[in-house]
Every structure is written in C-alpha cells, then in structure tokens.
C-alpha cells in the first residue's frame, strides 16, 4: 500500500492555473499534489549568439527552488554563488523537452525563457515543471498570436508532459511523491508527447539493477499518466 | 491624482495569509496590492560562529526575486553567480528590522532564517517583506511555543512593520506602487514598531534634495500606514 | 562625556588634501580625526551601456578598505572573490550622493569614477568618503575645465557632504568615532547639500527604537556638522 | 551505411590499458575507437561529512576534458571558473554508475575518487569513462586487497559498463562515434551490470520523438555491446 | 649521489612524440623521465582585443594538471572554481617563453594557444611544458605552411627550451626530479634559445641564500641540458 | 641618457616611514621615487592548517593596487571577483622573500601577514614592497619583543631588500622607473640579503634574449642598489 493510499496507477490531484502573473507573457501554477511549481514564460526579441541571423528562435528553461520549498531549508543558490549540478541537469531537461514540440523556424528570431520555480516540493518537481512549463509556453504563444506575431499552431507541434514512475516495495507505481521517491528502488522520469511519442527517458536504479520487464511496466504506467496530464493541459488551454 | 486613484494617505489593499507552506515552521504570503512576497521562517538548531556558546540566538533574512516578478525579465541571480548589491542591501535591512523586536537571549542558541521571495513586484517589495516577515517569524515562534521551546512573548518584544512614502508630483503620498516609485522625486522607507518607535529610516532624494518639512510629512504618513499594517498583523495572528 | 572629550556638537579635526595623486584627474586625502580615506576621481571617455547615445554622462563610486585599516585585520575582498554586502551598500550610497549635485547632461557622454579607499578606519568612513569624494570630483572637473571640456559650474549644481550622528549614552552627539559608533544606541548618516537640502538619510536603531524628537536632534547636529564640512570644502577648492 | 563502415551492431575497437599511472592506486586508459579517456582511482582515508562515523565509504567521480580534446578548442573550465552543466551531469552519472556495483559498507570509511579525463573525444566519452572507470576502481581495490585493507570481491558486487546507441538514418546502431552522434535522431546511453541488470537509461529524442519499439531495439543493441565490454574488462583484470 | 644515480650533469631520458592528437594543429607528448606533459597547439582566427586591426598575432599558453598527476590527489581546479597562483604563474611563463622566438607580425592576425596538461608529474613540469610546447607550436606552423598560410621560418626565429637546475646536498645538479626538487637548497629554472641566448631565469633560495658562483654553476649546467633538448627538438621536427 | 637624468647606477630617492598605521603591529610607507607602497604587518595567533601543532609560525604577504595607482584606471580586483595572475605572482614572491630571513621556529605558532598596497605606481612596485615589507615585519617583531613574546634577533636572520635592473637602450641601468620599464629590452628583479646572499632572481628578456655577460652586469648593479637599501633600512630601524 502506498503511503498516500493511492492505487498504483493513480496520479495525485493535478491542477494547472493560468494567468497567475501580471507580467509574464504566459504563466501557469502547476500542482501535482503538494508539489507546486510556478512557471512563467518570458518573450524576448533576441536569440543566443549561435542563432543570430539564422531566422530561427530558441526556447530555454531555468529551474530554481525556494530555500524552504523542502522539508529542511536548503542554502539559496544565489547566495552560494552557483547552481548545483542537480539544478543544471533539471533545467537542461526542461529546455530539451519543450523544444521537442516547437518549430524554432516558425517561432522566428526570438527567445522564450520558461522559468520554473518550485514553491513547495513533494517529489516530481521536474516532471511538474515540464508539464506546467508547456502550459506557460502555450499561453505565451497565444499572447503572441493575439498580437499577430506568430500562429500558435505553426510553432507548437503538439503537447508535451512528464511523469515519474518507480518501483516501490517491489511494485511499479505512478507519480512518486517524496515519501515514495526517497525509498524507491528504481526511479524513472518519462517525457512524452500528446501523440504518445517518447521524448526523453531517464531511469536510475537507486538500489539493485532493474530488468527490462520492470522497465516496460513503468513505461506503461507513464503512458497512462501522461495521457491524463495532456488531457488536463487541453482543458486548461481551452482546446475542446 | 495618483495613478491608482488612491487618496494620498491611503495604503493599497493589504492581505497576509499564514500557513501557506507545509514545510516552514512559520509562513506568510503578504500582498501590498499587486506586490506579492512569500515569507517563510525556518528554525535551525545552530547559530553563526560568533554566537557559539553565548546562549544567544540569531534572526536573519534572505531576499530574492523570481526572474519574471518584474515587468522585464531579470537575470536569475543564481545563474549570474552572485547576489546584486541591491539584494544584499535589502536582506540586511530585513534582518536588522526583525532583530529590533527580538530578545536574542530569550530565543536561546537557535537561528531563525526568514526567506522573503518576491513572486510579483509592483513597488514596495522590501516593506512588504519586513511586514510579512514579521508574521512568518511570529508563526514560527508560535510553533516553538506549542512545543514548549520558548514562550513567544518572551522572545517578541513587539510588532514591526514597514512602508514606503514619497513625494510624487510635489505631494507626499503613502505606500508607493511601481508607477509612482519610478517617478517620485523623493522615496523613503520607514520601519517602525507597533508602539510607534522608529527602527529604521532610509530617505533618498531621487531628483532635487528635500527639506525637513517634506520629510516630516512623509514620516507622518508612514506612522498612519504602519499603524494599519500592525493592526492587520494582529488580526492575522489572532491577537484580539 | 564622550571618549574623545569632544563637546556633543563638535566634529573631529577635519583635513582635506588635494593633488595627492600624480595620475588621477582629481584626488583628495580626507581625514575625519583618525579616519583616513584616499579619494581619486578618474575620467573615462565611455559610459555604461544604458547611457550610450543619450548625450548624458555618469558618475559612480567604488569603496574599499585596506585589510589592516581596522583594529583587527580583515580578509582582503579581492582574495575572497567578492565584495561584501556592506561594501556594496556603501559604494552605492557614495555614488547616489555625488550624482545628486551633478548635471549628467552637462557632463556629456563621459564617466567619472570616484574610488574611495580607506587607509585607516576610526568610524565614519562612508561620510568621510562622500565628503572627500566631492572634493576629488570637483578637482576632476577643474582639470576638465582647464582643457575646455566642460564648465565646472555647469556640471556641479552645488556642494555635498555627509556626517554621522548618534545617540551615545542617551545624548545626541555629532560625528561618531569608532569608540562611540560601536556602542551607540542609534546611528544615523546624513547627506546634505551646501544649500541645506537633504540628499539621503539613513537612521538605524542599534538597540531600542528611537523617537521622532531624538531623530530631529540628530538632524540638527548633522546640519551644523555639514555646514562646517562644506566650509572646509570651499576653502580647499579655493572658492572664496 | 555508417560513416565508419561498421555493421549496425558493431562496437568500435576497444582497448583498456591498466597501470598507466605511477601514482594512482588504480588506473586505466580506455579507448573506444578514437575516444580516449584516462581514468585514475585515488584512495583517501576520509569520507564526505554525511558519512562520518557511519562505517560506510563513498565512491565518487570527476570528469574533465582537455581543451583540445575536441575538433574546436573549448575554453578550459578551470579558467572559466566553473564546470559546465554538461560536465556536472556526466560526473554525477559516472559516480552513480560505479556506486551501483559497490558495497559501501564493505569498503569501510574511505573514499575512492575516480577521475575521468578525456584526452581525445570522438563520441561516447561518458560511456567510455564509466567502462574504464570500473577498471580503475577494480585496480584500486586490488591494490587495497594486496595491503589487506579489504577483500576486493566483498566490495565489488559485479561489473558495470556503458554504451551509447542511437537511431542514425532511421536505423538503430551501436556505439555512436562523433559523426553519427551529431546527426542521430535519437541518442540513448545505457549502463548495465555484467549480470544484465539495468543501472541507468538515458534516452533523448534529438529530432522527432521515438517509439517504444525503437527504444527496445536500442536496448537490445546495448545489451550486446555491454556484454562485449564486460568480457574485455574481465580479460584486462585477469579474471579468467 | 643523486637518488636516481644520475651524474650531476645528466638529464633524465627525454622523449618527444608528435602527432599525438587527431584534432590539434600541432601536438607533442613530452617526457622528462616520469614527468609527462601533453602539449597541444590550437590555431584560431581571432586575436585578443588589444591586437585587433594591428596585423599582429598572438601566442599564449594554458597549463593544467590532472588531479592525480601527483603523489597525492589534488583538488581539480575546475571544481574549485579558480586556477591557483602557481598555475597562473606557470602558464604566464610558458607563454612568454614561446613568444620570445616568434615574430608576431609574421604570424598575422591569428592566435595560437598551446595547452600544456600534465598527465604525470615527477618534477620539472614547467620546463618540460616549455620544451614540448615549442615542438607543438612548430608542428602547428608546419600545418599552416602546408596550407600556405605562413612560412614557418618567417614566424619562428629560433628554438626555445627549458630546464631546471638546483643545489642538492651542496652540489649543483641538472634537471631535478621530484625527490631532488623537494629537498634542494636552491632551485632555478632557465629558458634559453637554440642560439644560447637567455630568455628567462628564475632562481629561488629554498633554504639559505646562494652565491653568485653557485648561480653561475647552475647556469653552466643549464646551458648543457638545453643544448641537448634543442638537439632532440631538431631531430623530432626533422630538421637535419 | 635615462628619462630621469639619473646616472645608470643611481637609485631613485628612497624613503621609508614607519609608524604610519595606528592599528598594525608594524608599518612602513616606502617610496622609490614616485612609487609609493603602504606595508602593514599584522600579527595573528593562528597558523595555516599545515603548521598546526608543529611549533612553527608563518610569514605571508598579500599585494594589491588601488585602482588609480596607475596612469589609466584599472578594474578593482575585489569587483572583478578575483586576483590577477600578476597579483598572485607578486604576493607569492614577497612572501618567499620575507620568509628567507625568518626563523619560523623562533617565531612560534603565530602568523604575520604583510599587506603591501600600492598607493601610486611608477615602476618597481614589487621591489619596493619587499624592501618596505621587511621594515614593517621588523617593526612588528619589535612590537612583539616589547611584549616579551620573542627576541627580535632570534627570529630575524638578516635583512632582505630588492631592486629591479634592466637593459635600457643597450645600457644596464639600476632601479627602473615606469618610463624605462615599459621599453626596457631586459628586466630583472633581484632579492638579496644584507650579507649579499641571493634569495631570488627573476630575469626576463622582453625583446631579444640576453647574454650571460649582460646578466652579470645587472647583478652587479643590483648588489650596489640593495646595499644602499639595506643601509636605509638600518637607519630607519635605528640599528646604528
């Protein structure tokens, strides 16, 4: 039995609120249970040097955690003078995931930066960030469409969402919370498109190595969870 | 006429929500109009080196802004590898202000760190942070009292709150929002106790120097605003 | 009785020597008693990016302390790899104070940087730096006038000087030295123009909060002290 | 056809030379074709703070590239003052992979650091580093066994090796070199034990998302490659 | 008697292998006994800002040590976030030494960076780096000559090599290894041209000061050693 | 003819003022012509970790330049976040030079840090710093002797001073000023004891290599100059 009493294939309650920032061109406060991530998409009329004069744009992400988002207070990265390896790894993953469903040519020479800041952490912050980051990015493209800068569906090739799965007490379970995550034998993050294509897989044996069969079970759970997340994205974005 | 149509001596709508974090020992989401600051107080059983074996504790603060809390996205301080001079100046001010109403001896050899993170900025982030930081600190002391660690009112010597005032189009006005702050001739921040004592004054002529009379007008406005803020603190903390 | 036997409203001996650097366009070694600050103004034909092509110039300041300017040796900031929050706070204050009496348009697209380095500290280093920094800046503008680059009095709108006051053993005193500063209940820095306008006020309760009356007493002392400092500036700059 | 003319399921020539350092307790120069990584294991009688007095040891890894290991010279990370996100991501992966086959209790309170420095890069540097890093670690444990510090096979629970696979021109191929890696549609790194258990999977769609079937084909290739790598490890370590 | 049994005026075995990098325009793996330094010269079509539009090029060097090049593992400079004073001192010396025999005008507006990375250290790493760095630089110029970019002998004004000498147990000895270096009373590094001119001398009394006569004995030994090194450079570069 | 009209073997006017700091245990403001260096020796009752419990002390030095000590303003190292390679090289040299005449055992487990800060630069700042640093160190030892902590002459084994020489317009000259230093063909720094022993030699060919004879001429000039400097040290320290 999971600590949260959820069935093995059940997501936590998921909400995605848009329009939560007066300033950002697109924003979304995403919750996976008690995990809360504030995602804000900022449009800038500039691109990184390697894209200058190519006609192509860029989508990138940054990730942060408030110091007391976690059970024990962590040191503030700005005060330490550097981002941890974990932070950099996560923000690279978010950026790659979002770019996987964007046509950078159709975006034009502009950059959209999606800031994902964890207000409260209870496991799955990176998957919530990708899922909510997609909504913030979509809102930003709506904002641009309203100003006739782009057609949103020329730029967006589909939906993208993410979920973590793991083997907890020998059973494959969907959407690990912190209590599960910290004791799971295996932990895997899946990023998939609305059409079911795989964008990124990261699986790690925390204890004993895992087998191909175990891994396929996790993938099956992920597919179910991501299907539900994309459905919520569609509702929130008014796509029905 | 102020851009917000407020009378010269009127505060913006102020709210202070407590219990907004599952993890922090004390927390408060404070809003001065569209300015939103999340304050979380963290208790740690350690003190800075200069207080070891003195029997005295410490209260300190850290301040940050989400990159898109502002109209234009700012660079993330963690990515830049250092905190700006402005950030350091503000967090030093918050810490001094909170310590002004704390008996460090009564706290015992423990540290409370109050993190003030600006989710949305519209002027007055430092004054909102001090005002909400006091509430988070009080909540943390309640949490400690419930566990018989301290008596809250042995540690807290009073209330502390802060507000900014300025001379806008030649008139003294209370609680500047961003539209006013960015064009005010003079800008002053006042930190005062519930009993009316002055803890900190910072007044700056942005344009022409100001006179003693002008300054005394600002101080009078501040006294009114801080009185209202302390009243709200009392309600929120259930002190009636 | 003050440790230095000075009357409550007496400044320490103040000297300002100009022409102390062969290289700087303007320089001043200022002494407030045993506090010694070397101020050097450097002219550069460039401006910060935000002023490019605006026709306006910039005046800025940097502040430093030799490691053994103080009673105990402090770590060298260059070796630590960063400037402390205190250093940044002070250099921002010096810069704002000097800009308050400069017409940046009349200066033209050039930058003057005033370096204030404390050779010996005995309280009041920031107020000495502002007062001596003004002299170095004036000397730099003389140098420019001699080369027909600007008219000095088109650029300089007045004089600016600063002094600290405090409540020491329940009495308001002028120009705190280190022995007073480290035990004063309240400490306030005042920056004022030669014409008596207030440029900056920073008052802090180190112990108990202070009252409006106490504050007004400090302001009165400051006005006296700054009057004397401006008189010395005038003599040194040959303005009689 | 692959640029290197290799069949789709063929590894590059792999060599692992041990004893290449006079100083390190264990060392291995591993080559996957033109990719060369020098792996050195250093034993230290200390552990990170979180393991003090637990009786458990630690295995960690650091990764670096010589500036001209690549086609174009890269900036030296030591000169830039920080390790890139990519470097940190890779060294965290190497460390996790090596710890997956180590009994930290049996190691005792000691740390082994495995430095993996890329002398020449032609794709697959992280997989070569894990594979060669295992050999250096084993050599270090042999060194310790000779001094009766541990029994090598109490500490080592098995073998670990890694390989990258990808979809190149629509075909799944084993052990990508740089020419393939830079144009592959999908790129996946697999870390597996000698017994066939999966330790880590990282799959990324560089272009279009990939399907479950495609992924399973890559996993099958990886299993073949890693089998060959473990066989080479056994020969080099004299385990037949 | 020297620990290595060498006569006082004997170099260690010296080898210089060229063509050891697929990527670098010039490369040399130089060995002075057990000291091994990998030197790679990289050509870039850009110059430092102070040389823009002067028609002159630049030759510079960077130096690094693998963490376990030494008897005890040293911390990785990239992880520490800065290069040590020793590293900077050495790379400045290598750069100056190489520029002493280069006509920067004849090179044209291009930069050659010579990276010298110590794979294994046993004393004399800086002198090996200069000696091998010259070979890598020469190979790079050959590469340029083959592409008709420059005439190699227009750019190279001669040969340059370096060796350390010292007073070990009261006797002047040539080419100190680590066992000698760490206990020598005096340690001196000499950089000389193939024609016998002195480019750089650095002599340091580790214990008691040394006399002019002692110093001249060291210089004499250096002249012999550098003569042999230049002879090896000539052979390796095919100049006979 | 030298720009300063000095004969080739003449030093600039040299002065050394002691007692220039109220705080430092020993201090000296040294001038070599227009070069001014403020040297302050600080005694601390602690040693670096590698000397703990050895009974031996340590002498070290730090070097800095005020930003406008030079003809053009240089960036402040504290603001840049690191010390340049040049700064580190110089402070290592000063430290080694001072330690050459100190018996660290006789000093006991204490550290003396000699800060050398250049107030004005006109060539020869490092040699002035060593020469004046010795005086500050001696003053510090006097201070300790007065408190019966050590016998000054047990700790100090002799005098140490330094001077630069160079080949300027084909002639060997003593004590280069900036005008000479910036165009000299060869530049050499010599550190010697009062007894004439050589502590450190650093000679660099800025243009063409130099010969042994040229070098010996420079050494002869250095011996003369250092003799004069040590005589001045003796007078200033009251040793006649």
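Which chain is which? They are A, B, C, D, E and F, in the order written, and residues in each are numbered from 1.
The criterion applied here is as follows: a residue touches a chain if its C-beta (ideal position, glycine included) is under 8 Å from a C-beta of that chain, and two chains touch if they have at least 3 such contacts.
A quick map from chain label to UniProt name: A, B, C, D, E, F = Ribonuclease PH.
Computed from a prediction, not measured in an experiment: that's the story for all the values here.
Colleague: Under the document's definition of touching, what chains do chain A (Ribonuclease PH) and chain E (Ribonuclease PH) have as common neighbours?
Modeller: Chains that touch both chain A (Ribonuclease PH) and chain E (Ribonuclease PH), as defined above, are D.
Colleague: Taking each chain's centre as the mean of its C-alpha atoms, which one ends up farthest from the centre of chain F (Ribonuclease PH)?
Modeller: Checked the centroid distances; the maximum from chain F (Ribonuclease PH) is A.
Colleague: Which one of the chains is farthest from chain E (Ribonuclease PH), going by Cα centres?
Modeller: Using the mean of the C-alpha atoms as each chain's centre, the farthest one from chain E (Ribonuclease PH) is B.
Colleague: Just give me the whole-number Å value for how far the CA centre of chain C (Ribonuclease PH) lies from that of chain E (Ribonuclease PH).
Modeller: The answer is 51 Å.
Colleague: Please output the residue numbers of chain F (Ribonuclease PH) that touch at least 2 other chains, ranges allowed.
Modeller: Residue numbers touching two or more other chains: 81-83.
Colleague: Taking the contact definition as given, in what order do you meet the chains if you travel the ring from chain B (Ribonuclease PH) through chain C (Ribonuclease PH)?
Modeller: In ring order from chain B (Ribonuclease PH), with chain C (Ribonuclease PH) immediately after, the list is B, C, F, E, D, A.
Colleague: Report the residues of chain A (Ribonuclease PH) in contact with chain B (Ribonuclease PH) in the complex, numbered from low to high.
Modeller: Listed in rising order, the residues are 21-24, 34, 38, 40, 42, 44, 62, 64, 66-71, 73, 76-83, 87, 113, 115, 117, 119-120, 122.
Colleague: Can you list the residues on chain E (Ribonuclease PH) that touch chain F (Ribonuclease PH) in the complex?
Modeller: Against chain F (Ribonuclease PH), the touching part of chain E (Ribonuclease PH) is residues 82, 85-86, 88-89, 91-92, 96, 100, 188, 192-193, 195, 197-205, 208-212, 215, 219.
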